[in-house]
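A, B, C and D label the chains in the order they appear, each numbered from 1.
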């Protein structure tokens, strides 16, 4: 069963061979083999995730500090590199308080449940050529379904805390996640429609074969997916479920110690999951226009993943937060019709391509150009229809006067 | 520059409109009888010649013999300022009419005066303690706070709710 | 048929990131909509008005630092102006200018904070605050050079200021004034037309001019409702009558107006500072009072104690938060008989309930941020 | 079902599912009930996986956990004065009776039917097969179901529309 995939020293996959031989050597039944093998692979992914999270806690803090004119952590270890480890130790050593009126079982369970979907997502993500834990045929659907588990988990966290901020945040989160899950589904549906498969590996293969990235062909779904992803991982401007300035810490207000650490980690992991999906579906996964011949695929994949995640760090350091009704309006009135229309258009394009039988060199650029133009027209046009650009969104300066006692109130825009 | 209307001038003006309403007119302020306070303030606010629409400040003062409440009014229209006062002679339970019906902005300031000086504002819809808590003994800004009649010295007591404090007989000692 | 959910009481504060201290807002919610709002304060009540009755007039100046601790200079200024009014003291020209300069620097520092925190309340995660801190730090450096402290300044004295500025002060101030316009342009670029801030604050917490006047609000809140009223213009104190500046007013009376007014006032303060630094005369910085100590050079410094005549005075200035007034009643003794602070932070909170009802929790936070309270001044 | 692994998985999942389903009815706390219901749903999805019906399994999670459970949570939290406890009612006995009856019928049917075993292999891509069937053979029922759902949505919106609500710019 041991296949040497490539002889290169850097290829991580070759590490699997001795392990496999070891497991085969035990001589246990197939089922036990299978479980053992999955456990080891999951462990590898988990270790990578935890290391990434720890690294990115430091990177995010330093980056946001850079955006905010400060230094960020710079005392523990060289350049503050050991700060996240110190933080982790602190969280581990802290007393895990359960508040008196909390629902004990659910309060303990919630951080664990939140953890599950964020890790499970990586089972179907191809990290490199044949580097995927479970090559699921319904991979895309699996992603969405698993992300859906987040919703009840967050609610359980908020409700079991028996804290009003937490409950309010939990209700907000549920409403938001449901709305934006729809956008996620529609965004991925457009991609699935175009590729004709729900297997995430097939996405990468397709993009490799046609030597393009889906982002050039389907810009609108990518935007929708990134926005919906921001909602799922509570990044500004969609961080209303944490809403530091309104609801203290949102649904995990009452959590402390390592239980809080779980939420904190899960948030980063969910961020990586979103970035992984964006990378795989829209950014060509582990391929880089032939460069994967020289650079290991998993490095390309991770590079893209971190680059996408950087977007979220950036938005966190830059943007204020929207109000929940504005976000709901945005999801249901603005994005949803656009995405439905987008699915229709892409379906038509696929049919048209099949009917005309145009060569890929003609069809792909044409479809890409049409979609890009359509995306701009749709976004701008639909915004206009909904009344944006009428001046209410634009800022203005204060009126200046030297006369005292006069009243300049017009109340023209008070609503 | 804001014209500071003297109490004598405003006392004359009020006297012309409401005879018997003015008690006193000093250079700095005019004292209005507490019965006609609301009418006078409403008139000062609405009369176009005065138009003191803005209640700048409302303050209670413990003058030992009496309590007074000072209203610093301001007219944006004429850029004038004036001080009106009302006096309550009751040492134990001073009471003056509330200015909230005239200026809703008096709400928090009246609550403050009530809280710290114990001046009752008749007609204030929500006269509660503001900085101190309900059940606080005495009114700390009174001059005799540390030596209330009857040997009661609330300022030297422990705070309600502190360990070792019996809350039951509070205020009736 | 409408679905009504159970009323839900949420305490925002006293320990909460957005109450700017220890202030508590008790909101009754229907879903996310506010149906009742109650303010509970006093967590920072230090009974300053009572304390001041036991101390001499000069000893009371440090209390005024600690009311509005983000704008100690204006707190000092309002108090000394009230006492000078009581005693009929003329202040030397140079001291007048120093007071004006310090007050305007303080206004820039305080408004910077207010703008940053307001953006923070809108959800911008600390970035605007940290950017605003750059200027504030520079201004605090200037304060430190002038009086040795950064926050609780205790710089003004009855009859002048505590001491003259050192020689290095002027070049540094000029350098700061040269930097500031660039910074202000940057803030306006970043914040003024930030679509999210506009969406969060426009049409939120509307206060009509009639309501604003009736509720005694002052400062940027009053001007935000379109009432062109500024004590610096209406009743000039210190050297404001010699300076040219404009009042910024809003037209809609919403949170966004209050916010743009603060941004505009930054520029106006800068304009005033440029003029004041150019016009600064030389001379003594303290009037010689009856009990003043006179230094060997002939310079008088502030007396520790004196007895003003029997009477009362209400002195007010335009602090960054609004009309800051001190009502001093004297019985002829060395300490005030009654010492009352008309604190703009407290009085600007009066219409909070009016503004908050009908909006959502998120709006309430923005409204509270736009009022720009300092709890030290609310509770005193 | 020949594979021992699958059999073990089936029994474990079945036990969890049935146990959680029993818990849904037994526990007093409504939110606990919903949490157990989620476990039940997940267990059913697991059963689908042992049957190689991956599409159905994923859809089960997506719809039942992601939507139905959330709907129940909303219903519980938003209902005024419902309390958080599952009240003991007079319906307990009839419900128990009905449950026993239904379970008995199902068991009888399951044992009585002579199940035909298909000779062909399982589908490689269940999603494609289901899609083909839905838009081809069962197009009419599919469309009828969607119209029904649409009318349900419209009806729900109409019901909760506040009186005198007007369309207007935000």
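Going forward, a contact is a pair of C-beta atoms (placed from the backbone, for glycine too) under 8 Å apart; a residue touches a chain by one contact, two chains touch by 3 or more.
Because the structure is a prediction, the values reported are computed rather than measured.
**Q** Measuring between Cα centroids, what's the chain most distant from chain B?
**A** D
**Q** Which chain pair is joined by more contacting C-beta pairs, B-C or A-C?
**A** A-C is joined by more C-beta pairs in contact.
**Q** Between chain A and chain C, tell me the centre distance in angstrom, where each centre is the average of that chain's C-alpha atoms.
**A** Averaging C-alpha atoms per chain gives centres 43 Å apart.
**Q** Calculate how many whole Å lie between the centre of chain A and the centre of chain B, each centre taken as the average of the chain's C-alpha atoms.
**A** 60
**Q** If you average the Cα atoms of chain B and of chain C to get two centres, how far apart are those centres in Å?
**A** It comes to 25 Å between the two C-alpha centres.
**Q** Residue numbers in chain D touching 2 or more other chains?
**A** none
**Q** Scan chain B for residues touching two or more other chains and write them down.
**A** 76, 79
**Q** Specify, in ascending order, the residues of chain C that touch 2 or more different other chains.
**A** Those would be 227, 229, 234.
**Q** Help me check something: in the complex, which residues belonging to chain A touch chain C?
**A** Residues 64, 67-70, 164-165, 168, 172, 236-237, 239-240, 243-248, 316-326, 392-415.
**Q** Across the complex, what residues on chain B touch chain C?
**A** 1-2, 28-29, 53-57, 59, 61-62, 70, 72, 76, 79, 81, 83, 103-109, 112, 116, 129-133, 140-141, 145
**Q** If we count contacts the way the header does, which residues on chain C are in touch with chain B in the complex?
**A** 41-42, 45, 47, 49-50, 213-218, 227, 229, 234-236, 241, 311-314, 316, 323, 325, 327, 329, 337-338, 340, 342, 346-347, 349-351, 379-380
**Q** In their shared complex, at which residues does chain D touch chain A?
**A** Residue list for chain D touching chain A: 3-5, 8, 29, 31-32, 34-35, 38, 54-55, 58-59, 61-62, 65-67, 69-70, 73-74, 77, 124-127, 169-170.
**Q** Where on chain A is chain B touching in the complex?
**A** Touching chain B from chain A are residues 404-405.
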